[in-house]
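Across the two complexes that follow, subunit A remains constant while its partner is subunit B and subsequently subunit C.
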Partner chain A sequence: MRLLSHNLLQCNVKNCKSNNFPLKIQVDKSNIINCEFRKEPLVKLIPKLDWNALAITVHNLAKNKEFPEKFSPALLDDQKFMQELHRILMETHIIEGALICEGCNKRYPIKNGIPNMILNDEEV
Partner chain B sequence: MQGKGGKQVKLKHIESFLSDLDNFEQGEFSKLKLEQHMTPANVAALCVSMVAEIEENLEDQIVGDFGCGTGMLSCGMLCVGAGQVIGLELDSKYAQITLDTLEDKFEDPSMYDIININVKHWQPPTLNGKLFDTVVMNPPFGTKDEGIDVVFLEKAFQTCSGNVYSMHKSSTRKFLQKKAEQCGYEFTVLQEIKFPLPKRFNKYHKKEVAYTEVDFILFKPKKMIPQIKQQQNEEKKVNIQE
Partner chain C sequence: MENLDVVYNTNNYLKYDFLDYLPFIEKGELDQVYRPNDDSYLMIEALNLEAENSIEQGALIVEIGSGSGILINHLVSFLDKKNKSSSLAIAIDINYDANILTQKYANHYHLSQVECVNTDVAEGLYNRLKGQADVVICNPPYVPTEDEEVASAYQKLYQKDKLLKEGKMEEMKKINCIEASYAGGEDGMVVTQNMIDTSLDLLAPNGSLYIFLIFENGVESIVKAIQQERPEFKCQVLLKQRKYNELQYVLKCSRLK
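Let's turn to the complex of A and B:
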């Protein structure tokens, strides 16, 4: 799972309505696998993301406080930043670990690169 | 990928690329309710090539495959040049099989992600925009779990900014047409398909294959802008009359 997909997931437990996004990532194993840098899809993707959720996640994971909390259009021309963003969104794969809801403490395991978002009967 | 001999060659090429995907396993009676029916390779090839013809800039798109099953449509969409596919699957076993298949067939892992999730319980966060550019799916038909087909469609409309392509039983056509209208989508049946029903729950493995009529449907979001323009024009007309 990459942070691109992480942006699509919030806690789905019934009645868990606050502090349920973004899910906190516990990383036990991750890989960075290089792929071709293409600017257009990235530029198209940025306005669709929840930037705040991405920034919180990057700050937590990489302790990278330089990652901008707010997006500004000037960043699109910052080649170094765009490559960093490409690495974060497209090339970083969480292989083992978990997604944890900070609202209700529900833990969604990640195994073999697949997050398991399935709920128990009592959570539906 | 573009075959020199035109469309036919290309279609054959896609079909053969998809032909070695494993089907759902026989038995697994507890999964009867999930309505897991693999899209046959020839049907998938035809459908993804239709999508590829309609969609522009497929290479820049994020495509959703909700209820990806064995990964047939995900593979097909990557085969015709989709930039990325994100597959959602309820059955953990087949989520893993789909990921294995994708890893086997495509070297670049930045082309796909698989999420093990029940689409029915998925509450997508309110993002700034809709993450998916296109959704191509073969959801459960809703015979065993009534209304699940519509749930899949609604999640697709909620998370996809562009066209939603989906397979549904032809018997539900009128109902879905109405649903599309209510949600602000144009409704087009792209292809009528004779869909083979799975035999995996049949104890006796009868030789005859049973078919069901299925529509491959394009749900195209109606553009809001022309409506506003129309309104403005009408206002102008009023002004002129005054």
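Let's turn to the complex of A and C:
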């Protein structure tokens, strides 16, 4: 699971309405896997990100203490920053671990890089 | 259907760059997911045409029920080759083995945009993806069956999921959930309807759903219902073919601006 996907995952347990995003990440095994940097698709992705959630996650994972809390258009022209954003979103993989909802404590396991968001009967 | 013209003429021979899944598949891996068939190839043909004619650069792609991953991996590859690379391609499946295979397929062909999520339709992704997907792909469980077959298929899926979460991998491997990939209940629409409704919700302005359907699903009624209840969408039949006893369609539903 790349950190990009994490930005799209929210707890969907019945009645869990607050503190359900972003999910806290328990990292048992992670990896940086290089892949091709493509600027235009990355630029198109930015409006779809929840930047605040991304900043919180990056800080919590100690991936980059200087990661900006707010997005500004000037960042798009900062080549070094865009490469760093690519590294965070596209190259940082959580292979084993879990996603934990801070609102209801539901634990979503991550196995072989695949997050499992399936709920039990009672939770639907 | 008199009022729905078919946009493209199908070529029954392959005219696209086929990403062969055989080189890396292990024995038994294809037993757990839907084995690609004529429906898959008709969808790939449609996606190839749309990658050329319609889909723009940087698309956020979602597939609901990716199975082996053949559809989403081909679309990502087509777009890469046409220099219109997608930004992210989320392959969703309720069957863990489908996720594993899709990921393996994507890794083999270095399709770095592909991400796999193990969930039911779009649970856990819905709130963040609503109105954000430029492309949604779906080859649903379209075969008309008894409703019980759907219920038993899902029972097996949840059993498999439970064993997976308990770490009982050997026991998990013994449960075969292949029925869930095709069992559609009455008119083949019991699961399909939910997939259509959810897919339309996920579409961004100018985004399109590409869905495989057969005549028995009541394609005309589906289109009529969308036109009446959700007039912000436009429907077109992209491809149509008769294979054995199935009249097959690829339907495109686009969210107008």
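The rule is short, and it goes like this: the second predicted complex is superposed on the first by the 123 of 124 C-alpha atoms of A that agree within 3 Å, B and C clash if a C-alpha of one lies under 4 Å from a C-alpha of the other, contacts with A are read in each partner's own complex, and residues count from 1 in each chain.
FYI, a contact is a pair of C-beta atoms (placed from the backbone, for glycine too) under 8 Å apart; a residue touches a chain by one contact, two chains touch by 3 or more.
Everything numeric here is computed off the predicted structure, so don't read it as measured data.
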item: Superposed partners subunit B and subunit C on subunit A - clash or fit; value: clash
item: Partner chain in contact with A:40 - subunit B first, subunit C second, else both or neither; value: both
item: First (subunit B), second (subunit C), both or neither touched by A:51; value: first
item: First, second, both or neither for A:116, with subunit B first and subunit C second; value: both
item: First, second, both or neither for A:4, with subunit B first and subunit C second; value: both
item: Which of subunit B and subunit C A:59 touches, first, second, both or neither; value: neither
item: First (subunit B), second (subunit C), both or neither touched by A:87; value: neither
item: Touching partner for A:24 - first (subunit B), second (subunit C), both, neither; value: neither
item: Touching both subunit C and subunit B, counted on subunit A across the two superposed complexes; value: 1-2, 4-5, 7-10, 12, 21, 35-36, 38, 40-41, 44-45, 48, 50, 90, 112-119
item: In the complex, subunit A residues that touch subunit C; value: 1-2, 4-5, 7-12, 21, 35-36, 38, 40-45, 48, 50, 90, 108-109, 111-119, 121
item: Residues of subunit B defined as touching subunit A within the complex; value: 59-62, 83-84, 86, 90, 92, 95-96, 99, 108-110, 113-118, 121-131, 159, 161
item: Of subunit A, residues touching subunit B in the complex; value: 1-2, 4-5, 7-10, 12, 21-22, 33, 35-36, 38, 40-41, 44-45, 47-51, 53, 90-91, 93, 112-119, 124
item: Subunit C - residues contacting subunit A, complex; value: 57-58, 60, 85-88, 90, 94, 96, 99-100, 103, 110, 112-113, 115-120, 123-129, 132, 158, 161, 164-165
